[in-house]
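Each remark here refers to the structure printed beneath this line.
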Amino acid sequence: MTGIFGVSIQGLFGQLLVGLLNGSFYAILSLGLAIIFGLLNIINFAHGAQYMMGAFLAWIGMRYLGVNYWWALLLSPLLVGAFGMLLERGMLKKLYKLDHLYGLLLTFGLALIIEGLFRYRFGISGESYPVTELLAGGKNLGFMFLPKYRVWVVAASLVVCFGTWFVIERTKLGSYLRAGTENPQLLQAFGVNVPLMITLTYGYGVALAAFAGVLAAPIFNVNPVMGSNLIIVVFAVVVVGGMGSIMGSIVTGIGLGLIEGIVKSGMIANLLSSAFDSVPVAGSIVYPIKLLLSPEASAVTIFVIMAIVLLVRPAGLFGRER
Amino acid sequence: MPPLKMNAVAWGLLVVAGLAAPFLVYPVFAMKILCLALFACAFNLLLGYTGLLSFGHAAFLGTAGYVTGHTVKVLGFQPEIGILAGTATAAALGYVIGSLAIRRSGIYFAMITLALAQMVYFMSLQMPFTGGEDGLQGVPRGKLFGMIDLLHPLYMYYFVFAIFLPGFWVIYRTIHSPFGQVLKAIRENEPRAISLGYDVEKYKLTAFVLSAALSGLAGATKTLVFQLASLTDVHWHMSGEVVLMTLLGGMGTVFGPIVGAIVVVSLQNYGANIGEWVIVITGTIFVICVLAFRRGIVGELAILFKR
Amino acid sequence: MKRKLLSALICAALMIHVGATAGAATKVSDGVVKIGVLTDMSGTYSDLAGHGSLVAVQMAVADFIAKEKPDFKIEVISADHQNKGDIAAIKAREWIDTEKVDVIVDLVTTSTALAVMKVAKEKDRITLVSGAASTPITNEQCTDTNVHWTYDTYALAVGTGKAVVKQGGKTWFFLTADYAFGKSLEKNTSDVVLKEGGKVLGHVLHPFPAQDFSSFLLQAQSSGAQVIGLANAGNDTINAIKQAAEFGITPKQSLAGLLMFITDVHSLGLRATQGMYLTTGFYWDMNDETRAFSKRFDWDNRHKPTMVQAGDYSATYHYLKAVKAAGTDDTKAVMAKMKATPINDFFAKNGKIRVDGRMVHDMYLAQVKKPEESKYAWDYYHIRQVIPADQAFMPLSESVCPLVKK
Amino acid sequence: MGSEYLLETHSLSKEFRGFVAVNDVSLRVKRGSIHALIGPNGAGKTTVFNLITKFLPPTSGKIFFDGIDITREKPAQTARRGVIRSFQISAVFPHLTVLENVRIGLQRSLGTSFHFWKSEKTLDVLNDRAMELLEAVDLASFAFVTTVELPYGRKRALEIATTLAMDPELMLLDEPTQGMGHEDVGRIVELIRKVSANRTVLMVEHNLSVVATLSDTITVMQRGSILAEGPYIEVSKNPQVLEAYVGTADE
């Protein structure tokens, strides 16, 4: 087998491809968080719970109402987005003048409530959502089997991510949004209904989470904790990308997926082993680093990256210094 | 009532309640409250008095627990040596994490502490001496100074109380010290504190290490109480719990975190039957605290008494 | 993961006073036999244990009273240990000190089981572990006041491993959760695979818990192994199975779930799990006895009992019988009686309790049905083979429990 | 004693991502003078302040205080040399009492600021000096009030008292009269005049009448560069300055 450090070229290719698939999930979730942070200055801890709601609504629709996947893809984000707008109007709104800390704590509490209610109703084991007929199966690329559904996930999330980026960075509506982050009073003076804009923005960010949830439903087990498993990682993506930076969150999300793929392949750990293990002292010095970059540590990879990025570039890769 | 008098009354209540507690409630339960109250007070030193929200404080609680457990169980030292070792390790870890984290402030500070604590969690899962998922079980309480058998619940309780009181006193004194004045100034207006010639990073780091050490003291003691060190104490949920205790009791109040710890631990203990609702109720408390009750229990009471 | 951050509000301890009029014979300390059900009511394991475990224990008590007409009172209390060792330990201590609890049942997750076993040993009370799975419970950490009732990782690994190798699955690759439990599951299984003449091609450790398994599955796939052993549990297992189907890994390579419950199969559906082999201590649809039990168990028409819950019933009943037979609730006497009496009920066949606390009984090798074979709700397994009690568990000769005299 | 100029900057520049906020500014502040920095919004005045007090690192150029190169120092270090600034928005510690605010300025001299084991009562020795300073800014009667409850103008006065507590050689005042009513302005102007005795003051100020009454020298900045420098009479006649201010000096 030809390969680098115990991983075949094909194997690496497969890992990168899979990494891209995961990356697009991170991207779409962190994009929602970034939009919300940009305008509301709130870290939306409930994002994971809202993602879970999206997936569950799709499942409920299918199970009880006969709503198919495509309708779910449309309806679930709309419903969850509307729910988000209610939260914004009812609760978040009262916190804008306070320390950012309170927004974080409130949404943290909301996440617990939502998750608890779903747990109570649906139990912990979760439910299974089948892949829609049209996207079932896959294609054998020789080095790996590529499920059609994952290709669809990548395509759909890239379209949504870059569409959102385009609207925010290149249109008049987007320019209002950006102005709103800089100087809401001035924008209000120009006759823009800023509170409404904030509500809609939060709704959109939340709807993005739900959209990701519906995309995820056929891949992952739909269960009440699926979001809280993911949310801290996505947080880290937003921080690395630069809080509130749209492009930063997209690029970092995808990039992290790719890096995770490489770490999970075990290539880096193997490389460090082959380079240092025979050297007596260096081997034991490198050991903890190797541990942090081994496949089983892939869940920590993002935090290592985050610590490094924050020390070198405090505002994140794409963030602006203020 | 003037604040000073109020503090004296609170101290009196604290000592009396602390001495009487094992005769009123189940001693182990009271010990758990003391440990977590000390933890919350140490955390409050940062959040309430320096304005730093650490989302990774479980790392200090848990690491100290493991080190103490290992020192006592495997290396066979006496309990007081174990506690010292745990506290010292937490302080050292606090120095490392603190030096990295205090370079940034606000939400970034919270995120860095969370990230570094996640790494500590991962290490705890991996290192052979922690027992991984099963934890470090059956840590002996041993004999204090080789004489007093700590297996006796009352002896153990008063030993814990004898750790809590000075620990809490250090926090109280720190808050009301020249150093505490500077911390408050940093919390209130950091750039101004800099422009008055204070190296705020050094002050923040000192406060961070102090807070980490005292959290470690709490974790070390907790390990002896339960004879167990487990992943629970390094998990980020524990970091969230300590935020809740502080917020609920009243951040930036001296006695608030103690009240918060009593409420939260009681809920945990006596509410053990509610099952799924546990999470919903916890979430609801968070929401209510943030929306309507930001001063916390002690903060609101203080306002009430002032009127 | 966010099992629960904290805990709960005011509780009314759930107690059922199902007493009988006092006779004379049985000497029960403080007049009542108190059973504490300590389990995960809200977290990851609340479906396979949780409230259902409490229901099962209550059924056992009710049946015992109806059938055996005891001359002592029995009470059941329960609590949520939230999968935290310290909460479990404090609850156990408090129960024993203030509630005078005589026996603690269920104990899902190894860390809580070990913590409570220590407390019970110190206070001379009995623990009946049904939920937790790790082998240290009856090995290096064994106590003489504990019975490990339902299953353990060794039994599952051996049962499944042996059967799969015999079916022709000679080459294995393991997907292992990166913590003590996952690693011991992998080790137990690979030992069996090697002993049966199979080969282990490699393994990959994954973080615990994990969501996306595609990277790890690709590695398993490229190993070319016939069988991919899943040395993990719960949601990790579920997601791995689901994604293996998605990536076309199954049915070309087959999966062996080393710790799977019927609740997992239920949530995955038969399409993703069909054909898988798994070892279980109990299946609700095995015979009239089990069906009768399961029908009564189903308190809200949504649940069938898992092996953990059925084991709770069996253990509780056996314990109460021993109390009656011994004429006392003294721990030493009851333990002696329990160990002396063989167990044969709807759950356990050919059961007996060994000196290390292991209750050995027949285990079953099940294969998951194809979707078209399933006729009604929860109709999931073919029972392919009975694994006799003396072969199902780790032999005493291999046990490192200090109670075992060699 | 050092040179005639207490503070000098040599070709100071600061760029933010391609945008030049401060361009080649060489400033000389005479010892014992009141020196005003004026200019339209966005001229770079506050950035110059931030550079001098080390809150921002310069892209190029050097800063000398009392003849010593302080370009690479940390902000707190520079502050300890006696360069004390105020901020555009009032820089007080809102939830400390008025007395405590001033004491924060005084307490560093005790050398016990890291002593977390000492009682804060050890700070009481500073109370007399603190009261003197409060007296000087007419705040003695507010000593035990929580600062957040003071009216705006009083907060600026408190800020100056705290600054004085540091016994600064060079005071940097960033828009000391911003957002004040007419009466308050008058009081602050008097205060600045009073405290500037034996000190050097560099201030950014928009209110030209304040500048005219107080300052010895004026530096006018525009788009990051120095446009003109000299006494008020001279500068106010400079055609370039007039041009820069017409239409923009309407505040």
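We call the chains A, B, C and D, going by the order they appear; numbering starts again at 1 in every chain.
Operating definition for what follows: a residue touches a chain if its C-beta (ideal position, glycine included) is under 8 Å from a C-beta of that chain, and two chains touch if they have at least 3 such contacts.
Note that this is a predicted model, so its numbers are computed, not measured.
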{"item": "Contact pairs, highest-scoring chain pair", "value": "B-C"}
{"item": "Remotest chain, subunit A as reference, centres from CA atoms", "value": "D"}
{"item": "Between subunit C and subunit D, centroid-to-centroid distance (C-alpha), Å", "value": "72"}
{"item": "Distance between the centres, which are taken as Cα means, of subunit C and subunit A, whole angstrom", "value": "36"}
{"item": "Averaged-CA centre spacing for the pair subunit B and subunit A, given as whole angstrom", "value": "32"}
{"item": "Inter-centroid spacing, subunit D versus subunit A (mean Cα positions, whole Å)", "value": "46"}
{"item": "Contacts with two or more other chains, residues of subunit D listed in rising order", "value": "none"}
{"item": "Contacts with 2+ other chains: residues of subunit A", "value": "111-112, 115-116, 119, 297, 299-300"}
{"item": "Numbers and ranges of subunit B residues touching at least 2 other chains", "value": "126, 240, 276-279, 281-282"}
{"item": "Residue numbers on subunit D that touch subunit B, as the complex places them", "value": "53, 55, 74-77, 79-80, 84-87, 91-96, 100, 103-105, 107-108, 110, 112-120, 122-123, 162, 166"}
{"item": "Footprint of subunit B on subunit A - complex, ascending", "value": "43, 91, 94-95, 98, 100-102, 104-106, 108-117, 119-120, 232, 235-236, 239, 243, 288, 291-292, 297, 299-300, 303-304, 306-307, 310-311, 314"}
{"item": "Subunit A-touching residues of subunit B, taken from the complex the two chains share", "value": "53, 100, 103-104, 106-108, 110-112, 114-116, 118-119, 122-123, 126, 236, 240, 243, 247, 276-287, 289-291, 294"}
{"item": "Of subunit B, residues touching subunit D in the complex", "value": "170, 173-174, 176-182, 184-185, 188-189, 191-200, 202-203, 206, 210"}
{"item": "List of subunit B residues in touch with subunit C within their complex", "value": "26, 28-29, 32, 125-126, 131-135, 137-138, 222, 226-228, 230-233, 237, 240-241, 244, 264, 267-279, 281-282"}
